[in-house]
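See below for the structure under consideration.
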Amino acid sequence: MEKKIFEYNKDENFDLYLLIKNADIRIAKNGKKFIAFTFQDTSGQIDGKYWDASEEDTQQFLAGKVVRIGGKRELYQGNPQVKIFHIRLAKENEPSNPELYLERAPLSKEEMVEEINQTLFDIDNANIQRVVRYLLTQYHQEFFQHPAAKKNHHAYAGGLSHHTISMLRLAKAICELHPELDKALLYAGVILHDLGKVFELSGALATEYTLVGNLVGHIVIVDEEITKACLALKIDDKTEDILTLKHLVLSHHGQLDYGSPVRPRIREAEVLHQIDNLDASINMMNDVLSRTESGSFSERVFGLDNRSFYKPTMSE
Amino acid sequence: MEKKIFEYNKDENFDLYLLIKNADIRIAKNGKKFIAFTFQDTSGQIDGKYWDASEEDTQQFLAGKVVRIGGKRELYQGNPQVKIFHIRLAKENEPSNPELYLERAPLSKEEMVEEINQTLFDIDNANIQRVVRYLLTQYHQEFFQHPAAKKNHHAYAGGLSHHTISMLRLAKAICELHPELDKALLYAGVILHDLGKVFELSGALATEYTLVGNLVGHIVIVDEEITKACLALKIDDKTEDILTLKHLVLSHHGQLDYGSPVRPRIREAEVLHQIDNLDASINMMNDVLSRTESGSFSERVFGLDNRSFYKPTMSE
Amino acid sequence: MEKKIFEYNKDENFDLYLLIKNADIRIAKNGKKFIAFTFQDTSGQIDGKYWDASEEDTQQFLAGKVVRIGGKRELYQGNPQVKIFHIRLAKENEPSNPELYLERAPLSKEEMVEEINQTLFDIDNANIQRVVRYLLTQYHQEFFQHPAAKKNHHAYAGGLSHHTISMLRLAKAICELHPELDKALLYAGVILHDLGKVFELSGALATEYTLVGNLVGHIVIVDEEITKACLALKIDDKTEDILTLKHLVLSHHGQLDYGSPVRPRIREAEVLHQIDNLDASINMMNDVLSRTESGSFSERVFGLDNRSFYKPTMSE
Amino acid sequence: MEKKIFEYNKDENFDLYLLIKNADIRIAKNGKKFIAFTFQDTSGQIDGKYWDASEEDTQQFLAGKVVRIGGKRELYQGNPQVKIFHIRLAKENEPSNPELYLERAPLSKEEMVEEINQTLFDIDNANIQRVVRYLLTQYHQEFFQHPAAKKNHHAYAGGLSHHTISMLRLAKAICELHPELDKALLYAGVILHDLGKVFELSGALATEYTLVGNLVGHIVIVDEEITKACLALKIDDKTEDILTLKHLVLSHHGQLDYGSPVRPRIREAEVLHQIDNLDASINMMNDVLSRTESGSFSERVFGLDNRSFYKPTMSE
Amino acid sequence: MEKKIFEYNKDENFDLYLLIKNADIRIAKNGKKFIAFTFQDTSGQIDGKYWDASEEDTQQFLAGKVVRIGGKRELYQGNPQVKIFHIRLAKENEPSNPELYLERAPLSKEEMVEEINQTLFDIDNANIQRVVRYLLTQYHQEFFQHPAAKKNHHAYAGGLSHHTISMLRLAKAICELHPELDKALLYAGVILHDLGKVFELSGALATEYTLVGNLVGHIVIVDEEITKACLALKIDDKTEDILTLKHLVLSHHGQLDYGSPVRPRIREAEVLHQIDNLDASINMMNDVLSRTESGSFSERVFGLDNRSFYKPTMSE
Amino acid sequence: MEKKIFEYNKDENFDLYLLIKNADIRIAKNGKKFIAFTFQDTSGQIDGKYWDASEEDTQQFLAGKVVRIGGKRELYQGNPQVKIFHIRLAKENEPSNPELYLERAPLSKEEMVEEINQTLFDIDNANIQRVVRYLLTQYHQEFFQHPAAKKNHHAYAGGLSHHTISMLRLAKAICELHPELDKALLYAGVILHDLGKVFELSGALATEYTLVGNLVGHIVIVDEEITKACLALKIDDKTEDILTLKHLVLSHHGQLDYGSPVRPRIREAEVLHQIDNLDASINMMNDVLSRTESGSFSERVFGLDNRSFYKPTMSE
């Protein structure tokens, strides 16, 4: 099997297939066009610039296409990048299916499906369980395939379900320490909280915000979906259990400033918000520290107030 | 016909029926209970304290009850209040129906219904018009009876529709000056923007926030109602026209901080937000200036950043 | 008559006269100088870069000069720009008067003068009317020629009076709906509120902030001018009418944070502030949407908290 | 054994010993003095007012004294309170030791000591472990006796160690899910993070801020103690392991605004901060919800941005 | 000579004349009126409540009147107050002139006039010196009599000039250390910066904000006065020296948020702002610490972000 | 003696030795590497770009090296820069000691040592004086050599002690005007407040933040040093004098937001904070105005909220 891009060392030459994740056409200070690429395969993402691009180049090397590249892996200001020697589109008889190059969650879809399903048994409120099952069934395909974000945290295929699983595990550990929490409500809130991203984001390939994502947003979208599910299941959507479930979803960003139309005002809503934060933070820090050398500070993390993080040498 | 409370002059004695709008039981610094009342009739609202209240008093003089009061109209620190000489519940054969005492919008329900109906003809987008008609029909009763708020602006029976009419008139005047605006979208947004208050507030009598009001909020409630209307009317709720209508409703508070889950990102959404602000501001300033003497500053207005307003003598 | 720059299509070649609005000399990453131009004619403004500029080029192609350019109209990252083939200064016998190329308000000066004059009759407070007439007469020339801003809203010749007219129309529509408002005060406030910009900005050609603009600012400048007018007209500037007029001008930015030394504390002051906001917002949104394709989001608007706006396809 | 105050029902008369936690002398609106008491026994805290207090009363009924009270348990605006019939100081031969009435952590000191000691084995960094052991030994007495706060969360005898234990359990659960975290560092950070409160607060009885608490604060106090421990143990306090431990302590409030002189810039520091938040939030919400009836909203919680929390009926 | 109120000890009885600085009529929780007085004589200000006030009492005991009081000096929650035994208006043949009781700056008017006059010689810019002289002459009377504030700092007769003198001394000391500063500009800025308070505040007796104070504010008032002075002196008010002087005045609050329409953008403007801050801070801290016992914290200071200040025992 | 870089005029050619303060390797838009240098000698700092750098160039031209450059002094967008004709490393027999090129405080070390020593006699509190002497002795070398910052204010060799001296002079002038201030405490606070920078910053040559600087910060470092000094001197570090000294140091940034863990709550602490601000502000403004032409605005100053400052022509 061919080596992946991150299996090459610094300054090593390579010749391999990569997926174009992003292709921005810009004009260089000498007046000529160049393409600022982000390539990816299952080992990660890497930038590379293609100078003096022709009209034809800019029209064929588009996001979502697979290309064959000869180049060199380099390091530029602490970030990995590729120097491009030559580049061409992959042909039909070559491995040109973009799906082959998507970075994926570290858990398989089957494992994730199984873990979510097991959790459903713990949701012992009938109305809530029926709504959760209904929506999971309806959006099964997208839920286990979508990323959790365009960038920031869990930004890879299956990232949405992976983030959900990861939060569920935290939720279960906390419920064990705090049996006073309402498991049914909290687990249901965790499973549904980001489900709206299946509408908000275009998918794992060349991820963009959709129109409904921009005009309505994933938080309200879930609320709408719960409303529709209740209609389909003939559940009164103004009962306390459905209202509390909706509240958990609507308030999970914690602050109005961050896009929640209401602040958490139920204990489990506050806990859900903090678990979401914790899981996203750990994911972002792990991601950036994986690219940082021991004894130095990482690049700045946008999602964590632009802080950079120190990687102690003693952790080795 | 009996005189209303605000038709009495300062320091004049009266004997009349009033509705109890609020009745807070408190403990005086001498250890005895007293009741802090807010009374109202159609001429307005006025506070009054009832000292040395017995257990029986505190149990019978509740919000929503009509009482017969003998007392004196006074002025205390610039605010009108009543001194209570004697108070008793209204009897059955007396005018004891609370509805008789509610402050009302200055327009009749019929006028408002007519004006709204006329406006519907200007909404020339079929999907949007059908949704608006459907919801107006469904919540006709409450829409023309509810207040627009518990306090702040348009806090009286019919205040919700009155605020809506008032904004519609502004919207029409602006559309005449700016024909580039999409009338259908803007008028529909105005009509629906606060409709969720029929669920958020308990009604015109002894107005309180409901559970769904606290946990979901009127902004998202309208979004849910549009979603349900689309289902009932078999309209795809992800088409651009429905999305833009939802966006107008969701973004009408203008800032995330004020409870909108998205900021206005359509021209008509920004205009709707500013019209809402303008109408509410004028209503609040008019209200407070009607109780202020020329040449002096009003009490502070909570909804306008606690500013007090000067009433020029020259406006007389 | 020669075609204007925005009458050429994308990718069409042209040869025409343009005014240099801005000419920033920068150093390219190859160490050579280039000039980042903004050109304009009455159809609008457009950017273009001139590579490998000589010393002579940088000394002759200055803001305020008219040039003859051969080039091509292009689109770069959604924004129109020109590719420059050749460029030279316009000669004396050519149309080299910069005035010919200034973008202008859509109303003629005569129309605007007439509309303002008509409004003066509605200002029925003698002191206030005299001050307004005095200042309009004194700064007649500049008031109808100045832009309202360097960029942001109404940034073209006559923009100051156009913004004023546009606000007056809104003010009149609102006063019709709200006869409780003091017309004299509000209209006078509208007319004078931005008059200080005739000192704050250098003019319509190569607009810059002046020293008094930076050190004192247009808000306080108007206050000074009213003070001087009162002296000249022998009006006591501490009477209530003059104080309220000054207050409207001083508070029209609404918040201390935005440069008003006092917040609006008169009803008409709050209304003036909101009309100003509304007119500026609509102008900025119209401007940016005129350059946006239906079904997509505009560029970000600095004056509206950096939001981009969606242009619905259904508005077509 | 005598019944505790919270074992009495509403409106039941009682006669029992209570500790005075707070005694504020105020002047009633009739000009006479009264004492606003907070009483406590091991079942909780309760307020009560004592009217028409004599000079002698105000001098003898001080915080920290045990009294015998005859009274009635009441409910006032949703909060429990006592009506005082008679009150006197406890005599020497009565249970007058204040320690008997302090509310205590739900874990015994022995359990807590044991659990902390077990944890020390997981701290496998020699320097860090020695510092933690040294400080735990030095402040053993106070650490297991102090409250974690004057009010807000864990405000009872042993609250400091209880909060610490509670966070340790969360930390262990998270480390199991995230083996990439440095256990030694995180556990040591948890144990030491609030240790400075043994200096900042005067103790469990009549808790006040001390001078060093006000002028230096518990965050910097721990840093000083680590510095001294290093001197005593001859450990270089500029090695990476000690610096990271200090950093965890210094940054544990998460934001400069909340009194941390540096923000978390090590992964375990961010996790420590979030665990601290989560444990404090759950403790505060549990506390307030224990005093709230199902189906209603709690009083407002100062430490959670003044939010009130809804207690669902379905959780019963 | 009669003793002043602050020359009496705690719990000592007195019988003396005092000026009523404030008299708020309130209603006690028993339904009767009382008057919340602030009394003053040259030794300071002190509060006292007068219970069960009759109609006649409330009409005669007004702010600005001198009264004869028999009472006792007490301490209530750390603040001095008087207990009133009997109170009556001072008679004509008694010392009933309010001026006799005003607290005054520690420097005599003559000293202050002299010190300001000496400073004028250091203002070696002709235009600036003429403007300063003109305005000092015009407002001589009020400038040396007005307080600098209603409360907060320098809130006593002559406080405006005292604050100015105090800042001048700081300015001179700083100019000696930093000869690069423009003395003429800085000293002129100091002298004029708060002169607008002679219009903004009603005077030293029963100080209130005036209408021009509320609608225009002392910062802009000075700007207007400079404008008028230039007209009178035939100085062009758009020359650089006048513009910089205006800028110092307009920007002296440092931040837009604090009411300056422009931020300091000249070196001397920034220095003026900081000197103003420093002098006001020291004055407020001195004031509050003079009422605080060594070894304890003062009351909170509104003008210093509500901080309380510790008075070390070692300073004794 | 060779001329310094700032002794050359604009557009003059030079050939001289300079120290490399910074050398960032970047990639130009043509794909080739270039080095963005900051050079310095005792006359100041100046930028210059070196195009088409070879591998060897990027490896030898490092921060801290002395080079021989032939070039031209230019002005680019108002900032001085050098155009590089040729560049080579200085040889051993040439003046290659970096120390020779460091910008230095305008006072000699001897003068500064003497002035600090004189001040010690004014610190008449025994504990405080001993701590100050101890720490000055211990860090004598670094204290008089370190800069006060990486950039911003006093960013040159000896800048730390120069900033300290400059503040001491202000403190003395203020104490003369305000004898109520505790000189001992204030002077000691001034001397120690920034001493932690000897650990926080790597030194005057190629200044960087150290690990302890990032993880602990200079404010807390001084607190630790005082703690250690007390141990060494057998002074109880919980006595009031030491606590107040620590408090001055800890609170000297004034706001939690700026990194102080406590706000100033002692009079001298507030004064220290304001003196620090004032001295830093004047230093930054002087610095930037020295590079600004009369009659124009300076570049923006990061440390002063990005304001630019006007340099009046009349100051000449």
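Just so it is clear, A, B, C, D, E and F label the chains in written order, and each chain counts residues from 1 on its own.
Here is the rule we go by: a residue touches a chain if its C-beta (ideal position, glycine included) is under 8 Å from a C-beta of that chain, and two chains touch if they have at least 3 such contacts.
Just so you know, these numbers come straight off a predicted model, no measurement behind them.
J.: With a step meaning a move to a chain it touches, how many steps does the shortest path from chain C to chain F take?
T.: 1
J.: Among all other chains, pick the one whose mean CA position is farthest from the mean CA position of chain C.
T.: D
J.: Sharing over half of the contact pairs with C-F by residue number is what counts; pick that pair out of D-F, A-C or C-E.
T.: Within D-F, A-C or C-E, the interface duplicating C-F belongs to A-C.
J.: Report, in whole Å, the distance between the mean C-alpha point of chain B and the mean C-alpha point of chain E.
T.: Centre separation, chain B to chain E: 44 Å.
J.: Can you compute the centre-to-centre distance for chain A and chain D, using the mean CA position of each chain? Integer Å is fine.
T.: 39
J.: Indicate the residues of chain A shared as contacts by at least two other chains.
T.: Residues 28-30, 211, 214-215, 240, 244, 265-266, 297, 310 of chain A each touch two or more of the other chains.
J.: Sort out which chains touch which and give me every pair.
T.: A-B, A-C, A-D, A-F, B-C, B-D, B-E, C-E, C-F, D-E, D-F, E-F
J.: What residues on chain F touch chain D, complex-wise?
T.: For this pair, the touching residues of chain F are 199, 211-212, 214-217, 219-220, 223-224, 227-228, 231, 237-238, 240, 243-244, 246-247, 250, 256-262, 265-266.
J.: Any idea which chain B residues touch chain D in the complex?
T.: These residues of chain B touch chain D: 27-31, 211, 214-215.
J.: Of all residues in chain D, which touch chain B in the complex?
T.: Spelled out, the residues of chain D in touch with chain B are 28-30, 34, 49, 51, 76, 297, 310.
J.: Residues of chain F touching chain E in their complex?
T.: 125, 166, 169-170, 173-174, 176-178, 180, 182, 185, 240-241, 244, 263-267, 270-271, 274, 277-278, 281-282, 285-286, 289, 297, 304-305, 307-310, 312-315
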